[in-house]
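In what comes next, subunit A is part of two complexes: it sits with subunit B in the first one and with subunit C in the second one.
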Partner chain A sequence: MELTRRKFVKTTAVALASAAAAGTMATMAGCAGEPAKGGAQAPAGQGDVTRTVGVCRFCGCGCGVIVEARDGRLVSVTGDPENGSNRGLNCVKGYYLASALYGDDRLTTPLVRDDKATKGAPGGLREATWDEALDLVASKLRETWKADKSRLAFWGSGQQPIVEGYCTAKFWKAGLLSNNIDPNARLCMASAVVGFMNVFQTDEPAGCYADIDEADVFVTWGANMAEAHPMLYSRLTARKLADDRVRHYDLTTLRTRTSASADKVLMFKPGADIAIANAIASYLVENNLYDKAFVADHLQFKQGTENIGNAFEDGYDASETGQSVDAVTSITFEEYAARLAPYTLEYAEEVSGVPAADIQELAEVFADKSRKVLSLWTMGVNQHNRGTWMNHCIYNIHLLTGRYARPGDGAFSLTGQPTACGTAREVGTFSHRLPADLLVAQEPHRRYTEAIWSLPEGYLDAIAKPGFHTVKMFRELSKGNIDFLWSAHNNWAVSLPNLTRFLGRGDKRGVIDAFICVSEVYPTLSTQYADVVLPAAMWVEREGQFGNGERRTAVFEKAVDPPGDARWDLWMLMEVAKRVLAGEQIGGKDAFDVLFGAWYDPEAGAFRGTDREVSRAIWEEYRTFSNPALNEAAAAINESAGLKMEAKQLAPYDLYIDNHGLTWPVREVDGEWLPTLWRFCDGPQADGFDEQGVERYGEHDRAGGVSFYKSAGKRPSVVFRPWEPPAEIPDDEYPFYLCTGRLLEHWHTGSMTRRIAELDRALPEALLDVNPADCERLGVKDGDRVRVTSRYGSCDITVSTTGRTAPPEGIVFAPFFAEETLINLVVQDVYCPLSKEPDYKKTTVSIEKI
Partner chain B sequence: MARIGTIAAVGAATLLAAVAAWEGTRPPAALLRPPGAGEPARFDARCIKCGRCLEACPYQAIHVAPLAAGVAAGTPAVDARAQACRLCPDFPCIAACPTGALAPVEGRAAAAMGTARIDEGLCLSFKGMRCEVCYRACPLIDDAITIDYRPREGDAIHAVFAPVVHEGRCAGCGLCEQRCPVSDPRPAIEVVPTGFA
Partner chain C sequence: MKRRIIIGAAGALLALSLAGVAGCAAPAGLGGAGDAARAAGEPALMPASHEGRFQELGAPGCYGCHGAGKDADSLLAQAPALPADHYVDGDPATREVFGPRGECITCHPQG
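On to the complex of A and B.
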């Protein structure tokens, strides 16, 4: 612990020194020896170099960057040496980030499609004025809204900056009284979210990146961190190099670059991870190797609905099984142990293919309390037909052994996108959420939200029922049941599963008939299906905020103006909201004014202030959710309903800029705002522990020095979840499992990174990694073109046997960044019944040479 | 398209060969040869500049050495930065060679075109960035190029993922050079052709 504290104090000192030195953007320029002209709000135009603080546009690591601009153009983006997480370094994507803004084909003018028959191909869009485009979008939205609210939808993103996501959720939920809003985070983090809610009743990781520096053993579950979280993997590797006793176990279905540097690889058959996790838990219980004090002080045990089938059919959610998937009942520890008993090491070996001795070795690692164990996981666990269950199973092991919420000893769900936490999860752009973890279905949550949004009491009762989750949204769209769709900060026509259906290449043509508005920075496959394309300001062309995987909120300052007529997404939203809500009232007052009047002047068509002032104003309203003392009515509801809203307390806006990001909850102590690194862990707030939270809501001196004060009865739930097979099992017709994922050089669908010449050169094509023995059977070799076919669709791709990922026989891997390959034509849209997150890892396919 | 291009290239090769016959008195340039070429003297003695290897290459990776190559003008060469050799498992270029100038090789690693060399001053990975594009692009990953994980001086929370090329195991295909994101003033990894080390 001493080490931890020293390190933290050092980090804090760096952050504070940096805050003092940085202060404002203008001083930053001074630091660089450049004249302090212009500033974040007014990029210089006379050849001066401005320096602004930012955070990388790409993955969930959230690396800090310093942005240099001259004459309205970025000249460099470099790692922020003051950022405690990346210390001036980046991966190759971040290194070339500046070029992402300057692809040849930036969208700079609104575009309108006159003939829906031209959808699905380049062309068919003509230039339009902003007024024409906005009038068209608003009139279609208003028309749909007035006719049938269930037929409109917004699809957002874990890349949408925080205040923009907040306003979008507010417009959709309070302005339109619609819950048909969901983010692409449904495709990556939903299983983690439902896991967090089920186990802890709070959606957040307890740990932070500094846990990596403290751990003695790393266990990666379904996570290719070496490629998908490059700088965090550098941190993990540094920890290994610092102490040769540190071990890394990699649990995976195929050998990856992460496996390449792991000390031991446990390669399991797809879907069998739950059997392995249960066998570990069973071994710990059976052999009395669990932490009895921790169990007694902190845990409760449950089991839930089982044999839940798979969501093949559109009607799954409404089916009897679908309706029962969330049900759980309490059981005793002994009953839990009895449920685990069948999961012997031998049974786990039979199901998973991993030798029993290896599973036992890992179980012994968890049993050894002299060492700290950190589990890390991503899409292999979340994009899983039992993704929520697998999240449970990892927590079960860590909770049984008292390894949770303690420095270096924890279970850490990594996020994939820059603000999947900050926006999608924290401000509530999900179909069932309100800001700050609140749920539409909970009456006190609606009352609380109404108080902060100045809505009449009961106003949000109209949205008590959750809307369409992502797959449901696009399934309904494909069937012609959605008339209006607006998407922003995503490229759904490449990233969704089952694109054969959703792009109208099968018998369902809804995507052609619906009115679709796409806010974008470049032409993408999604804009080929758009009726209107709104050209957006990109990254530092406006001010924005991201919340990364360790609860760290950070601001990226505006550095340059957007090109041509491209505009801030928030402006588009305000202009559409203004038109749609024209003449509408909330509680006898003008609806737009109630919702957005504080920062937007609808008459002038302009914000009331600079990007900074507007962001600050919105943030301060949002921050009220976690600072109820700022709103008397909200404070009363928080008290009477026991909401504990301060538990996720956020700080005033400017502190995030001054400190280059802060991890919440941020606590005010003697006028100073202190971040929290280790949630629920008792200890001095100044050292990064959750002193204030534990003091206010929890209990001191409990086992492990932690107190789970957000959990029901202060007891997280260990829920027994059985192993159930994947949705599809390979057979003679479809003998292979197809797994898809991300690779280091490209971000998601490549719409930005493929326009960076250096990254396009580095990885120009998507390849299908195939085991050489399978190649021999198929009569194909490295470099051959093949057709991959599933029950859903097919695509053509080039085979590789060179081994960047080296799948075992029976499994193939392809990345999803390449629009020309479009692997998602093949991928199933079956999802975890609890989280509704699709399983991108286990579609069964056939492969034939073409 | 490729076929027409190849015929044109072969035509050009013939012309160039004729030109080179009287023009070329300059010393031989460090040209990267197709797989199986081996030592320059051996290859030079056998290559008849027929262009069949160009025609056989499915990636159009083999081109004709230009006039500026002096005596080597008209011979087959690979410009790795533009289009590297992909080390086809069945080596169609070698199969097409009528004279044995491109001699059969045992496996991809034995193509022996050259050896990649990293300029550590230019390489992003040596600066602590997570790049290693050359390593992941290498058809002989974890063999010809491996990663040496090193502590980063003065930084306890980052490692240097240093790519290391292993002479004798590197085939010299140049895919690393083609993929390297660095270009100013030149790629951070380049192939030194066999016989020119």
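On to the complex of A and C.
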């Protein structure tokens, strides 16, 4: 299999051989490339052709691409055979990426709104100069900052490149001393993050995509990989085709394209996944089928606060329950077993609707140590009113059976966005984080950050308390408690839950009154609520970096210039920061200069160097967080506080370009930087194992050949989590569960992919998938328009019984890509009390024909 | 799932109704290989007449018409042939679709 793949890759690479041979994709001006077939899209004739290395702009797979441009315009995007994440293949979104830059209505000029009453509709924005727009944004931010810091906010993204996210976090946390910064990754990965932190005390998957090639059994939990992670799903089906003995179990609340490859679909009632997982764990313990050596060597057991209710009310976080949700206490293995005991197969069947025999069959799969089992999950697990708990429950099963951090044998949390890991999580653009997993609430973490940012000791004590998480931020906005909001790399007015509230349809005027700055590439619903729109350079119109779901950091090189007056987001940030911090000092020095002077000249209004040089300079500072030896003061704190910051070591910038991406930790061995594929797994570094980490911090010869050196006492926590019901249960008034999600052709809110003619044609409309029996009861048929109504709001949509998903009776599905079918008007804004990630999968609704 | 080998694929195709087969012969311009608007590397979309085909038959259903190309025996001469890089070893003579290429709709959704 390996040989075959290699051969294939070589074949594909032939066309690119001249460029790939150099390792990097230096611009080859004048080279005649493959003649482009494009007529309408590509300028005629031969011109300057460049080929650059990139990473796909869309999902968390993080596929490497080769970008070809001619005469300053992209003409093709193809898979990069040298990128280890996708090995030369893309999905349809990736192949059509070039077209995403050339929609007819690209924003190319700053826009300003003079009359707030025009918000919420197209129009009302006029063209402005950069100076006017930046002065306006900066003056509103400074005014708010000086008056009341709690009333400003930045909403970022898992699509914001790494150095941009790093600078934004630095400006917000150190420059403004504000924690009111959160990314849209809160909406997709927060439950996974809190799960990782609770179980392993480190936010990272131990495995990598190569696990897919080695697994014997796949278990997908609440994951429609075929639509949402296409290249990983292709890899899964390829593995299945290569070996008749490979099995796939799909645990889901509705049949999806991912179910097509499953040998067995375990269709459960929404929210009942925890009961199933606990029944599996219980069966393993009860029948002595767990891995005793692994348990003895590696694990500790806990239980936590239970009966935690739901975050319906704005005051939930501050309530007694809300304040206690993170609490855990240690228990013995026997006590853990006793907690599991009520979760018999029969009880799980009763709660979930899945036959006990099927649950037992899956438990036996986990018990069979002759086979490798890989669990994969995404939003069904994370966007869950008990999302953090369900992450725990999957790890519990894998840890009990010694199936974690071993090649092909693990639990892999799939990421939603291209750099949700790289920026939101690794850089830490969350309201409670500092870079590199550090937390604002921890004193040594603040000291360490101050050392690297050249801040006076104690300077960051002002931000010891976390700021607003995403839902809180927008709830406060809707109540009129936010005066300044800057959003970038996202489209909140389509993607947030409960838009009925957040878009001010009702009494809430906050969204109209607040000053909202939106950095965008196309007009969206979010720009309709903006006071200022800043036109941004898109994707390869500047250099950037993404960190994907398998810890792979990769660079996309600048390939073309942005159109018109569109500018790099980082330039906008520098210009706003320069204005806001004018006259401010940090430790007796000019504040802007302390924070950004190394790469930006405020007098000239320009970067000190090219995109490459600026990215490298920022990266090298960011890299110091995981290479403390580069900073004497930081190294001392790392040592005295036992922070183990090298555990997530990053390499010098240019190596990521030379290698078409590297998975961290990247270790320097005899002058060569080697990536790590299998974290915490002992073995040769050169083969991708975590030899250096285990050697330095861990122990050799432990059960399973792994050592969890980042975990407290080197022991990950198995935490018992009970089944508790969804926030809302269907009743006579709202008899259906509504589940929302992504589909293959469209990325998130469709602001880019719907401007690609082929993708728009392939999936032109958001439909409501309904079970035929429900249709009959409702008196509706394919193509009928219906109104979907929840306790929160309503939305009109067209019914389909032949859509992408096949829900069982009582469940309906709608994708969220279409702004004209704004399904998030209906979706609840209830979130997991631990992670604050909203539950997009279980809003109860009524459906009526219109 | 069965291994997608060409012999089996052709058999699966023959089982189709005539009407279904006729639907394979898509005129250029519906996102077929002849679509001049596509740039290099952009995969063709399946024509609307192929609706449900992949879901029902999987890759063998596509392979029957688009497989092998000039080096072998695609059943319908008008159907755009799979490029060589879709095969194991990049070689149509293997008559075996390279594993990850078997999820045809990942790159060729319905147009």
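Simple rule for what comes next: the second predicted complex is superposed on the first by the 807 of 850 C-alpha atoms of A that agree within 3 Å, B and C clash if a C-alpha of one lies under 4 Å from a C-alpha of the other, contacts with A are read in each partner's own complex, and residues count from 1 in each chain.
The working rule: contacts are C-beta pairs under 8 Å (C-beta built on N, C-alpha and C of every residue); 3 or more make two chains touch, one makes a residue touch a chain.
Bear in mind the structure is a predicted one, so any value in this text is a computation, not a measurement.
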{"item": "First (subunit B), second (subunit C), both or neither touched by A:Leu674", "value": "neither"}
{"item": "Partner chain in contact with A:Ile637 - subunit B first, subunit C second, else both or neither", "value": "neither"}
{"item": "Touching partner for A:Leu241 - first (subunit B), second (subunit C), both, neither", "value": "both"}
{"item": "Touching partner for A:Leu744 - first (subunit B), second (subunit C), both, neither", "value": "both"}
{"item": "Subunit B versus subunit C as contact partner of A:Lys781, first or second or both or neither", "value": "first"}
{"item": "Touched partner set for A:Ser76, first subunit B, second subunit C, both or neither", "value": "second"}
{"item": "Partner chain(s) touched by A:Ala98 [first = subunit B, second = subunit C, both, neither]", "value": "second"}
{"item": "Superposed model, subunit A: greater residue contact from subunit B or subunit C", "value": "C"}
{"item": "Subunit B versus subunit C as contact partner of A:Gly803, first or second or both or neither", "value": "first"}
{"item": "Which superposed partner A:Leu345 touches (first subunit B, second subunit C, both, neither)", "value": "neither"}
{"item": "Residues of subunit A contacting subunit B in one complex and subunit C in the other", "value": "89-92, 95-96, 230-231, 233-235, 237-242, 257, 260-261, 744-745, 758-759, 761-763, 802"}
{"item": "Residues of subunit C touching subunit A in the complex", "value": "1-4, 31, 36-43, 45, 52, 55, 58, 84-85, 88-91, 98-103, 105-111"}
{"item": "Residues on subunit B engaged by subunit A in the complex (per definition of touch)", "value": "58, 86, 88-90, 124, 128-133, 136-142, 147, 149-152, 155-159, 161, 178-183"}
{"item": "Residue ranges of subunit A touching subunit B (in the complex, touch as defined)", "value": "86-87, 89-92, 95-96, 212-213, 230-231, 233-235, 237-242, 257, 260-261, 743-745, 758-759, 761-763, 781-783, 802-804"}
{"item": "Parts of subunit A lying in touch with subunit C, wherever the complex brings them together", "value": "4-5, 7-8, 10-12, 34-42, 68, 75-78, 89-92, 95-96, 98-99, 226, 230-231, 233-235, 237-242, 244, 257, 260-261, 744-745, 757-759, 761-763, 802"}
